[in-house]
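In the two complexes that follow, chain A is the common piece, with chain B as its partner first and chain C second.
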Partner chain A sequence: MRNTRPSVIKNSSRTGYLMSLPYVLYFCLFIGFPIVFSFILIFHKWNVVTPMQWIGLRNFSRLFQDIQFFISIRNTLVFLVIHIPLQIIVALMLALLLNRKIKLKGFFRALYFLPVVVSGVVITILWQQLYAYETGLLNLLMTKLGITKIPWLINTNWAMPSIAIMATWKNVGLYIVLFLVGLQGIPRYLYEAAEIDGARSLQQFFHITLPALNSTIVLVVILSTIGGFSLFIEPFVMTGGGPMNSTLSAMLYIYNQAFYFGHMGYAATLGFFFAFIILMVVLIQKKFVERKD
Partner chain B sequence: MTYNKAIITFLLLSCALNTSCEKKRAAQPVAEQGAVRLTYWCASNQDEINFARELVDSWNADNSQIQVFLQPIPASQSSEEALLAAIAGKTTPDICSNMWPGAMDDFTSSGGLVRFDQFPDFIAYVQKRMPAALLESFRSPDGHYYQIPWKTNPIMVMYNKKMYREAGVTKPIRTYSEYLTASAKITRDVDGDGRIDQWMGYRDIRPIWWQRLFDYYTFYIAASGGETLFDGTDIAFENTASVKVFQFFSEIYRNGYYPLTTFQGDAFLAGQVATQFTGPWNITHVENFKAPGFEYGISPIPVPDDHTGLVYTYGDHKNISIFSTTKYPEAVWQFAKYLISAQADLRLLEICSQIPLRKNLTTDPLYHNYFQQNPMMMQFAEQAPYTRGVDGSSVLKEIFDAISQEYEACAVYNKRTPEEAINKATKRAQVIIAWSKR
Partner chain C sequence: MKKPITYILLIIGGLMFAYPFLWMISATFKPEIEIGTIGLWSSNFSLRSYAAVFQKIPIARAFLNSLFVSICVTFSVILFGSIVGYALSRLRFFGRDFLLGVILFTMVIPFQITLIPMYILMVKFGWVDSYIALIVPGMISAFGILLFRQFFMDIPQDLIDAAKIDGCNDLEILFKIIYPLSKPVIITVGIVSFMGSWNDVLWPLIVIRLQKLMTLPQMVTIFAVGGQADGQLGAQLAAATLLAVPIILVYAFFQRYFIESMATTGLKN
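Moving on, here comes the complex of A and B:
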C-alpha cells in the first residue's frame, strides 16, 4: 500500500510529461530556437549562404543612424492612431445595428464576417484596384458625382489612411462579433429601468451600453494594436512602402532587410528593437487599462 | 508488442541497408555506377518548361548513362531567393539555367558553384559560341568562371502602331524630345467623358528595387552609351546620363503621360497605353492575346537628343551554373554543353522567343528561316550585342533600392531635382558599400 501511491504519482507524472511533450517540442523548435538564434544573429552579419561573421554591436550603431527604420516606426504608429478608433467606432455602430430586431440579421452578420476569412492578399489586390487614381471604381464614382478625385495611394497624406480604411473593412467582422457578444451580455432590465426613468436612446447608450462594453473595448484595442503592429501585407502589395516611404511599416522594412537584401543580422536587431517598442506600448496600455478598472 | 518490434527492426534495417548502398554508389566512378541521375532546374514559366522538357527528353533518349530529371525552380518571390534557400539547405540541383548575374556574388561567396574553367575544354567551347570579350565580362572577381552566359533579353520599346499613326508619329521614336512630343498627342481623353483614358506608357511606380531595371537602368545604359552602375568597385552613376534619365521621367509624370495607377490586365494589349519597355519573350504573349487588327512594332530605347553613337540597352541575362553539391561535375558539364548547342539555341528561339548569346546569330544559316519568319525577333537579335547586364555586387539590390527611393521622389512625385536625387542616391549607395566592407 505504501509503495502504490508514489508509483501512481510517478505514472501520472510520466503521462503528464508525455502529454505536454508535443507542445514542449513545438515550443523549442518553432519559438524557443528562433528566438535564441535571432538573438545570436544580432551580433553577426549573415546572408544565409555565407558563414556568419561576428560584428559585435555594429548592427546597433547602424540602427541608430537608420532614418528609414524610424520613419517606418512612425508610420506604424500613425496607422494605429487612425486604425484603432476607426475600428472601434465602425464595429460598435454595426454591432448596435445588428443587435436590433432586423430582417436577414444572420445574413448580414455572415456578410460582415466574410472579409475576415478571405485571404489578405486577395483583399489587398481588390482594394488596390478600387483605389486606383485614374481607373479605380471609387474615383470613377466620385467623378460622376462631381467630387474631386482622391489620390488614395499616391499621396503621402492619403496613403496610410487609405490602408487603415481597408484594414478596418477587412477586420471589422471580427470586432462586430466581439461587440455583439458584449451587447448580448448586458441585462435587459437596465434599459427597461432607464426607460421608466425617462432616459433617451443616446443617454442609454452613454450611461449603460458603453460602460458595460468597457472590457470588450479593451479587448478590441489590444487585438487591434497587436494586428496593427504587424502591418505588412497591405503596404507590401499595394504601395511597396511608398509614396515616399509614407506607408513603409516596420514589419515591411524588417522583411526587406532580411529577405530582399539578405541582412539577417541587421533584420534580427531591428526585430528585437521593434519588439521592445511593442512591449513598451503594451505596458503603457496595461497601466492605462488597470487604472481605468 | 513483438509484432511492433519486428516492424521497427525491419524499418531500421532497411534504412541502414539503403544508406549503405547510397554511400557505395556515391563512391563509385561514373562508368561503374550504371545511369547517373542529374537534377536540372529551369525557369518556371511555361515556355521555358516546354523548352527544357523537350531538350531533356531528347537528351535522356540519347544518353542512357546520364539521365536528367527536370524540375522548374520552386515557387518563390524570385528565382534568386529559391536558389539561395536551396544553397542554405544544401538542396541545390546539379545544374540550373536561370542564374541572374546580379546574384552571382552571393552564390560564389558561399562556395555554392562549380568553376567552369576547371573543365579543360570550357573556354574553347564557349568561345566558339560567343565573343571572347563578352565571355570575359562574366568572369568573377576571383578570376574564375562560375556561369555560362546563355541568353539575353534586350529591353526595347514595343509600340502600338495605330496609336502612333493617329498621333502623327510616322517613324519609330529615337530621342527623348520625340517621345515627349508624341506623348503629348497620344495621352488624351478618347471617349470624351472628361477623363484621360489613353496614355503614352505605364510603369509600376512602387519603390521596388527590381522595377528600376526596366525604366531607370535601361534608360541609363542607353543614355550613357553602355555604362553600368559601378566602375570597378566604385559607384559610377552620378553623371549627366543619370540626371537626363531622371529629368525625362520627371517630365513624363509631371505632364501625366504615364498614369499613377494600376491596371487590371495588360494595358498595352487593351490599347490603354501606346508603349511599353519589354523583352522578346513578350512577343509570344502579344501574339497569343492581341485583338484582331492589333499592330505593333519594336524600336530601340529613346536616348537624349544630343546622344551620338550606338544605342545600348539592358539585357536581362540568364545564365547556366553547376552547383557544388553535384557528385558528377563532368556529366553535368556534358549536359550543359548540350544546352548551349546550336540546335538547342534554335529551339530556345522557337519555343521561348529569347535570344541566345551566340555570335553571328543573325547571319548563321541555321537561324535564317526563323528570323525570316519572325522579323521582330530579328530586331531583338540585332540589339543583343549592344546590351549590358548588371554589376556583380552583393549590395546591388540595396543600391537599386536607393535609386528607387530617389527615382520615386524625383521622377514620380517631383519632390527633388534630378541632380539632388542622383546625389542623394549616390551618397546612400556609398554608405551601403562602406557598411558592407566593414
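Moving on, here comes the complex of A and C:
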C-alpha cells in the first residue's frame, strides 16, 4: 500500500485490486476450487485414503437406483410441505396480534424471537424430551386434557411432522419480525377508506393486508425452503433418521454417505444433484408466486 | 377483536415459547425421576446433573474453543467485509461490477455442492483437527461484503475527498473516517456472523474429531447422541442449558440489535 496514490482525488485501480484481493483469494480457494473439484469428484470413486478411481457415470446410475436417497428427498419435501404453511400461518397470526396498539410489544416480540438465537442442538435436545411418549411435557398435558397421547417421534407417520412443528417453533420469531416490517409498510389510509366503505375486519384482511404482504410471503417461503433443504441436525440428534428412515433427510443421507461410509465421490454426486433440485424448487416457487401477483 | 382477547392470546403465545425453556432449566436441577413432570418445582433441587456433565466431558474447554473460533470469525468477517465492501463501493477499477456479480452469484450456490470438496481440501491441507479448519473457511462472507458495500455507498463523497486532501490513504479513510460512522452495519454483521459461527454444528462435526478441539454445540451434540450421557436426561439437558445460557444472556441485553440484525439479513437476502 506504499505509493498507491498518483493524485489526490482520483483513486488508482491498484488500490481497488489490492483491497479486493482477500475476496478473490477466498473465492478461488473456498468456492471456485470446491465447485470445480466436486465436478471432478462425481466421476470418481474415492474414500480419501486410497487413490481416486475413475468410474465414469457410474455414480449417476447408482444414484438413480438409490431408493434410500429418493426416500430422503421425499422426507425433506414432506418436512417442507408441513413446515412452510404452518410457519406462515403462525407467524402471520402472531404478527397481526403484535401489530395492534398494545403494551409490552417489545417484550412479547423478544420472547417469540428467543428460540431463533438459541442453537438448534439445544432446541432438539429439549424437544426430544417434550416429545417423549410416556414422560414428555406434551403428552402429559394432553393426558391431563383428556386427549389421547400422540406417538410423536416413535411413529413413522408422526416423526417428520413432529420435527416440522419443532422447526416452526424455533424459526417463527424471525418470520414474525419480517411480517411486522411488512405490516408497518401498509399505508393506514387504505384501512380508513375500507372502514368508510363498511368493510369488516376479515374483509380488510383478505383484500388489503394479505395482498400487501405478498412480497413478504414470497420471502418467507424462499427463506424457509432453503433452510428446510439443509435440515440435518434435528434428525441427526433426535431420531438418527428413524424410525424406519421416516426422518432421514437428504442432508443427513449425504452426510452419512460421505463421513460414515467414506463414499466421497458418490456423496459429491448426491450433493450436486440435490443442489440442482433445490435451485429448481426455488425457481419454480419464484415463478409461481410472481405470476399470482 | 377486543383488547383483553389480544392480550390473552399474546400471553398464551408467550408461554408456548418461554415455558419449554423454563421447564428445561428446572429439569436440570431436578432428580432424574422427577423430570417427566409438568411442573417446574421439585422438593429436591440439586446440581447433580451439572456435576455429571463436567465430570464426563471437558465442556469448559469446548466453551473456550467456541468463543475463540467465533471471535476470530466475527473479527475477520468485519475486517475483510469492510475492506472489500469499501473497494466495491468507493473505488473505481476495471472488473468491479463483474466481481460484484460473482459475489451475488455465490450467494445462490447451495452449500451442498461445496461441502464435500471443502472437507477434502481440509484433509489435503492437513487442517483437519485444527482451529484453522474452523476459522479460515468462515473468514469472509459474501453477505458481510454486500452489507458493508450498501452502507458505504451512502457516505458522502465530500467526506472522503476531504480526507484524501489531508493525505489519508484509502485504508486510513476506511478505518479513521468511515468506521466511526458505521456502527449499525458493524453491529449487524458482527451479530449475524457471531451467531452463525457459534451455533454451527455441521462443519465442526466434519472437520474436528479430537475432543479437546471440539466446539460447544458439537460436543453437546456428541454427548447427547453418542451415548456418553448414559441415557441421563438431566445431564443431557444440563449440557444443552450450558450451551444455551451464554447466548440467551447476551440476547437479553442486546435483544433489539439481535432482532434488527437478523431481520435485515433476512430482508436483504
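Following the convention adopted for this analysis, the second predicted complex is superposed on the first by the 280 of 293 C-alpha atoms of A that agree within 3 Å, B and C clash if a C-alpha of one lies under 4 Å from a C-alpha of the other, contacts with A are read in each partner's own complex, and residues count from 1 in each chain.
Here is the rule we go by: contacts are C-beta pairs under 8 Å (C-beta built on N, C-alpha and C of every residue); 3 or more make two chains touch, one makes a residue touch a chain.
Keep in mind that what you see is a predicted model, and the values were worked out from it rather than measured.
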item	value
Clash or fit (per the criteria above) of chain B with chain C on chain A	clash
First, second, both or neither for A:C28, with chain B first and chain C second	neither
First, second, both or neither for A:A132, with chain B first and chain C second	both
Contacts of A:V181 with chain B and chain C, given as first, second, both or neither	second
Chain B versus chain C as contact partner of A:L141, first or second or both or neither	second
Partner chain in contact with A:F259 - chain B first, chain C second, else both or neither	both
Dominant contact partner of chain A by residue count, chain C or chain B	C
Which superposed partner A:V81 touches (first chain B, second chain C, both, neither)	neither
Touching partner for A:M244 - first (chain B), second (chain C), both, neither	first
Which superposed partner A:V48 touches (first chain B, second chain C, both, neither)	both
Which superposed partner A:P115 touches (first chain B, second chain C, both, neither)	second
Clash-bearing segment of chain B relative to chain C, given 63-71, 261-269 or 405-413	261-269
Set of chain A residues, in rising order, touched by both chain B and chain C	48, 129, 132, 134-136, 240, 259
Chain C - residues contacting chain A, complex	1, 3, 6-7, 9-10, 13-14, 16-18, 20-21, 23-24, 27, 35-38, 80, 83-84, 86-88, 90-94, 96, 99, 102-103, 106, 108-121, 123, 137, 139-140, 145, 161, 164-165, 169-171, 195, 198-199, 201-202, 205-206, 217, 220-221, 224-225, 233, 236-237, 239-241, 243-244, 247-248, 251, 255-256, 258-259, 262-263, 266-267, 269
For the chain A and chain C complex, residues of the former touching the latter	1, 4-5, 8-9, 11, 13-17, 19-20, 22-24, 26-27, 29-31, 33-35, 37-38, 41, 48, 94, 97-98, 100, 102, 106, 108-122, 125-127, 129-130, 132, 134-137, 140-141, 144, 169, 173-174, 177-178, 181, 201, 219, 223, 226, 229-230, 232-233, 236-237, 240, 251, 254-255, 258-259, 264, 267-268, 271-272, 274-275, 278-279
Interfacial residue positions of chain B with respect to chain A in the complex	77, 81, 84-85, 87-88, 106-107, 109-110, 112, 194-196, 205-209, 259-264, 394-395, 397-398, 401, 405, 408-409, 412-413, 415, 435, 438
Chain B-touching residues of chain A, taken from the complex the two chains share	47-50, 55, 58, 62, 128-129, 132-136, 143, 151, 154, 239-245, 256, 259-262
